[in-house]
Amino acid sequence: MMHRSEVAVSVELQTPDMTINIGPQHPSTHGVLRLIANLDGERIRDVEPVIGYMHRGYEKLSEVRTYAQITALVNRIDWVSGFANEVPFILGVEKLLGIEVPERAQWIRLILSELARISSHLVFMSSYPLELGATTPLMHTLREREYVLELIESVTGGRFHPNFTRVGGVKPNYGGGSQTKKQSMDLPAGFFKQTLETMDRVDQICDDLDTLVTGNEVIMMRTQGVGVIPADKALEYGLTGPNLRASGVDYDLRRDDPYLTYDQIDFNVVTRDTGDCYARYVVRQDEIRESANIIRQAIDMIPAGPLMAKVPRVLKAPPGQVYTRAENPKGEFGYYLVSEGGKMPYRLKIRSTSFSNLTILPWILPGQLVPDLVAILGSLDFVLGDVDR
Amino acid sequence: MNFWLLLVIQVVVMLALVLTFSLVVIYVELKAGSHMQGRIGPYYAGGKYGWAAPLADAAKFLQKEDLAPAKADRTVFGLAPYVVMMSTLAVFVVIPLGPDLVVVNLDLGVYFVLAISSLSVLGVLMAGWSSANKYSLLGGLRAAAQLIAYELPLVLAVLAVVIQAGTMSLNGIVEAQNDVWFTVGSFDVSLPFIFRGQIIGFVIFMIAAVAELSRIPFDMPIAESELTMGYLTEYSGIRFTMFFLGEYASLIGLSAIAATIFLGGYGFPGVSGDMANYLGPFILFGKIAILAFFIIWIRWTWPRVREDQLQSLAWTWLIPIALANIFVIAVLKVVL
Amino acid sequence: MSDNDAAQDSGRGNDRGAVTEPSPRFPFVGLLKGMGLTFRTMIKRAPVTMYPDVKEIPVPRARGVISLDVDNCTVCMLCARECPDWCIYIEGHKEEKAPSKPGGRVRTKSTLDRFDIDFGLCMYCGICVEVCPFDALYWTPEYEYSTYSLVDLLHNKQKLTEWLATVPEPPYIET
Amino acid sequence: MTDQPTTAEADESTELSALEQYASDLTDRLGATGYDVEFDTVRVFVELDKWVETIVAAREDLELFSWLSAIDWSKTTEVGEGVADPDSLVERFEVLCRLSSVREHNADAAIFVAVLDRSEPSIASLTEFIGGAAWHEREAHEMFGIDFVGNDNLIPLYLPDAFVGNPLLKSYPLIAREVKPWPGDVDVEPMPEPDQEPAADGGAS
């Protein structure tokens, strides 16, 4: 039995923690992310992220699909930058098969990848202020994104899911029949002019966002110094892309491990040193401007030529294992492709960017305030399809 | 005429005016906000320009099922919107629309307004607590902290005016602004208080008013992206409509107070006597409309600040500045 | 490694030239500038298409819906087999065709009985259109076929044929 | 590294290519058991009990933890195509962990491979040194049933709590393909023979 006076000593004023479910249905979780947060007042004690509400089993599905069918699948992983997901996969298959891809096809892939980057970053630029309460940048930015999507659609036929790469090049013609085979899928007339106009619009919206978002004192108050990720932690948790570059690590696969024809293009890798939410926003905004410059250069440099290399009708990749990666809008996107000589891969490991970018959540969120949770979560720029695959 | 009958008529007329004007403000919010975003906004309802959109909205909300969470404290949950609505509407009792157009001309009008409008925090807390929802609770607590913090600069800003005007009656304050301040040649110049050294007080009042209204950039209590909708999360149907209308009524209420205290209320240069009784309401509503548009404009441009930043803004900036303002005004009042 | 050298040779180092960096200035100017921008947007004409009244015309290559040219179909099943989602259902039968000239050979012709595409399953990848060796399937930008129920998205041969009229001419090619 | 899959190796068949040299050096430095370079992909084989220390040592210059996953090498195949040569296959799990270099602006990277017994797959967890490995290990655990000793939070990442089985095992059937008959089965006439000529004719010109 405890003595009466002891009881009195052991009782202190305690505020019980509140467990709160943020998501899976919540405006700022971009879909179906769920965070089980223990709150002490508004401060987060610890947080358990729960993902998988959107798991579609793409790695398993890829094992029952031919290489041609997988391209249609992979541009659904990160649906705001559909085309960019196809590129590393197709590069892997081409590496296995040893196919030399025509120059023009590589340039078209490059242009479309950069358009996808702009489109993806514009989604971020628009949705992030929304999480901080500013509703107007959303509409302004999505309006401009529509022009970018229209460009992608005018070439590929799909706004979100282009499914335009083919093993050996890009989709060469409309169909396989005698009539449709003559209808080329090359860039439509007026595409370059329209693209240059759109790039000017993109620069303009970046200037507008400078006014509305990055130059806004309230945004600075909310994001500067919030959610700082030091470089070593970013590397430990496998952050890539703008999130890593905002932490001061100068790493861009387009320059460090060039694929497509990025080695012929002159561009800057945008970095910031602070590693906070503001840096992550600004890095993406500058990357849009860089992408617009890349596209302008590419339009000058694109050669004429065929769209497809000669490839066998039935694709059977030789046995082997290959890892190919590309700098996606959100970071390093890679496919580890194991072929056993069949029409379908034996195993396809998808290294999706958002998944790795989110692994830092259990480290970064504890100790933050609920409003900062929203700011940090948004600044990591994830897409749930890319997390859950 | 019977006093009570007259009172009822006055209250009903005032209510109708305020609620109609709320609908107008809602429409302007929808339409102006949309255009600021490069959208069109309401378009079909009512034919041209979607003018009937707020009515259609209201009709839609009224049709919806009035849900209450199973574990909610039903009585409190049901009462909360009425408390908010009541405290909002009671403000209008003392707002003068013209020299004689006022429901009750209280000598302590300013005091009454500030006291009654801070009652709404009670309703918000009731809503947050009784919803049996953690988001609502957080929202309710945030609202309480915020409203208490901003009550103070609001009162202090008004206090400076009271000192300058030398009265606490709202009619008196308006008349003080219509009085001749100085004469240039044969011109009698009368200026509202905002031009008589109350500009700092006005800015503080407007910042505090936006915070009282829980509108962007101070909308943490309902912060949609953080707390889904804060204390409004569980409300639907007619009770949500009450909150919704109450929000806009209090937007008008605070704009009306600001217009009365700082912008000269129903007064306008060259309007006096009987004319003031006829034109007064229009002048006042015009001033309210300008202020309301300004608040709407801010809402569609700025993001929201954080709870702790909001508190530090109130306690470390607004309150000291407001106190200094009172000091300066008081000294000037004595000296001049 | 060689790529590393190439990257350094081309002189593409890290240029931290600040493009988006707020310059020091009077506080709260950013807030007012933002309000200026929204006000300018407000008085400008909204760049919208009034959709149900004014139809937007998609680009010719838009993958809106798949249309079917029944005359060209030989019931070869290639599309149904290559479909990653297994959403094409084809049934057909063979019938004898009278010889074209008297005394000629009696030929069998495959006739299409059923050609259904379940657009609730279809993921609009276009593989069926690409593999069709006889020009029987076409993409059309038609997009107004949403339904209230998932099962209503199963469209049959007749419906697919109706869409054939909306197939646009392919655009000219950039040279 | 661009699309030159095997040319470099073919040209210098006698000597080690730059990549192979790199892989060889890395293997020596870390004391790994061997290396393998195919299609520009460097794989370094690590002994099971040296897994953690090798990875930690390798992170000195390969700073970025890219991903961790596994492969199921199995003779029984329920889905897709199996291995090319089932007879000579040694049934096993391979746990792969990829690290890459970021600070030197080069493409240095390697995939570290540990081979696991298929009957009782177990490997030391990296979470103590690499926090980012936690979710990857959880994924590998639920998909393959591999036990990561030291990771005490191996709860399912993707799948619902009541789910039984390890879906990425080759012996795990893909239900979606079992419950629905293949629409391509209805045969009217034999499929046309694949053309001898390539499908694509080069498009634009």
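Note that the chains are named A, B, C and D in the order they appear, and that numbering of residues resets to 1 at the start of each chain.
We adopt the following convention: a contact is a pair of C-beta atoms (placed from the backbone, for glycine too) under 8 Å apart; a residue touches a chain by one contact, two chains touch by 3 or more.
This is a predicted model, so every value here is computed, not measured.
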### Message
Count the C-beta contact pairs for B-C and for A-C, then tell me which is higher.
### Response
A-C
### Query
So which chain is farthest from subunit B, going by the mean of the CA atoms in each chain?
D
### Task
Report the most central chain, judged by the distance from each chain's C-alpha mean to the global C-alpha mean.
A
### Query
How many angstrom lie between the CA centroids of subunit B and subunit C, rounded to a whole number?
52
#### Entry: subunit A-subunit D separation of Cα centroids, rounded to whole Å
22
### Message
Based only on mean CA positions, could you tell me how far subunit B sits from subunit D in angstrom?
### Response
63
### Message
If a residue has to touch 2 or more other chains to count, which residues of subunit D qualify?
### Response
1, 105-107, 204
### Task
Quick one: which residues in subunit A touch 2 or more of the other chains?
136, 140, 143, 176, 184-186, 212, 216, 218, 250, 255-258, 263, 304
### Task
Please set out, as single numbers or ranges, the residues of subunit B touching at least two other chains.
36-39, 300-302
#### Entry: Pairs of chains, among all present, that meet the touch criterion
A-B, A-C, A-D, B-C, C-D
#### Entry: Touch list for subunit A against partner subunit D, complex
51-52, 55, 57, 59-61, 63-64, 91, 94-96, 98-102, 104, 166, 168-169, 172-173, 176, 181, 184-186, 232-233, 235-238, 240, 244, 249-251, 255-259, 263, 304-314, 319-323, 332, 334, 336, 338, 340-347, 349, 351, 355-356, 358-360, 362-363, 388
### Summary
The answer for subunit A against subunit B in the complex is residues 18, 20, 26-28, 42, 129-136, 138-140, 143, 212, 216, 218-219, 221-222, 369-374
#### Entry: Residues of subunit B that touch subunit C when the two form their complex
32, 34-40, 43, 297-298, 300-302
### Task
Using the touch rule from the top, collect the residues of subunit C that touch subunit A in their complex.
3-4, 6-7, 10, 12, 14-17, 19-22, 27-28, 30-31, 33-34, 36-38, 41, 47, 58-63, 72, 82, 84, 123-127, 129-139, 170-175
### Complex contact set, residues of subunit A against subunit C
65, 68-69, 71-73, 76, 136, 140, 143, 150, 153-159, 161, 163, 171, 174-180, 183-192, 206, 208, 210-212, 214-218, 220, 250, 255-258, 263, 266-272, 282, 285-286, 289, 304
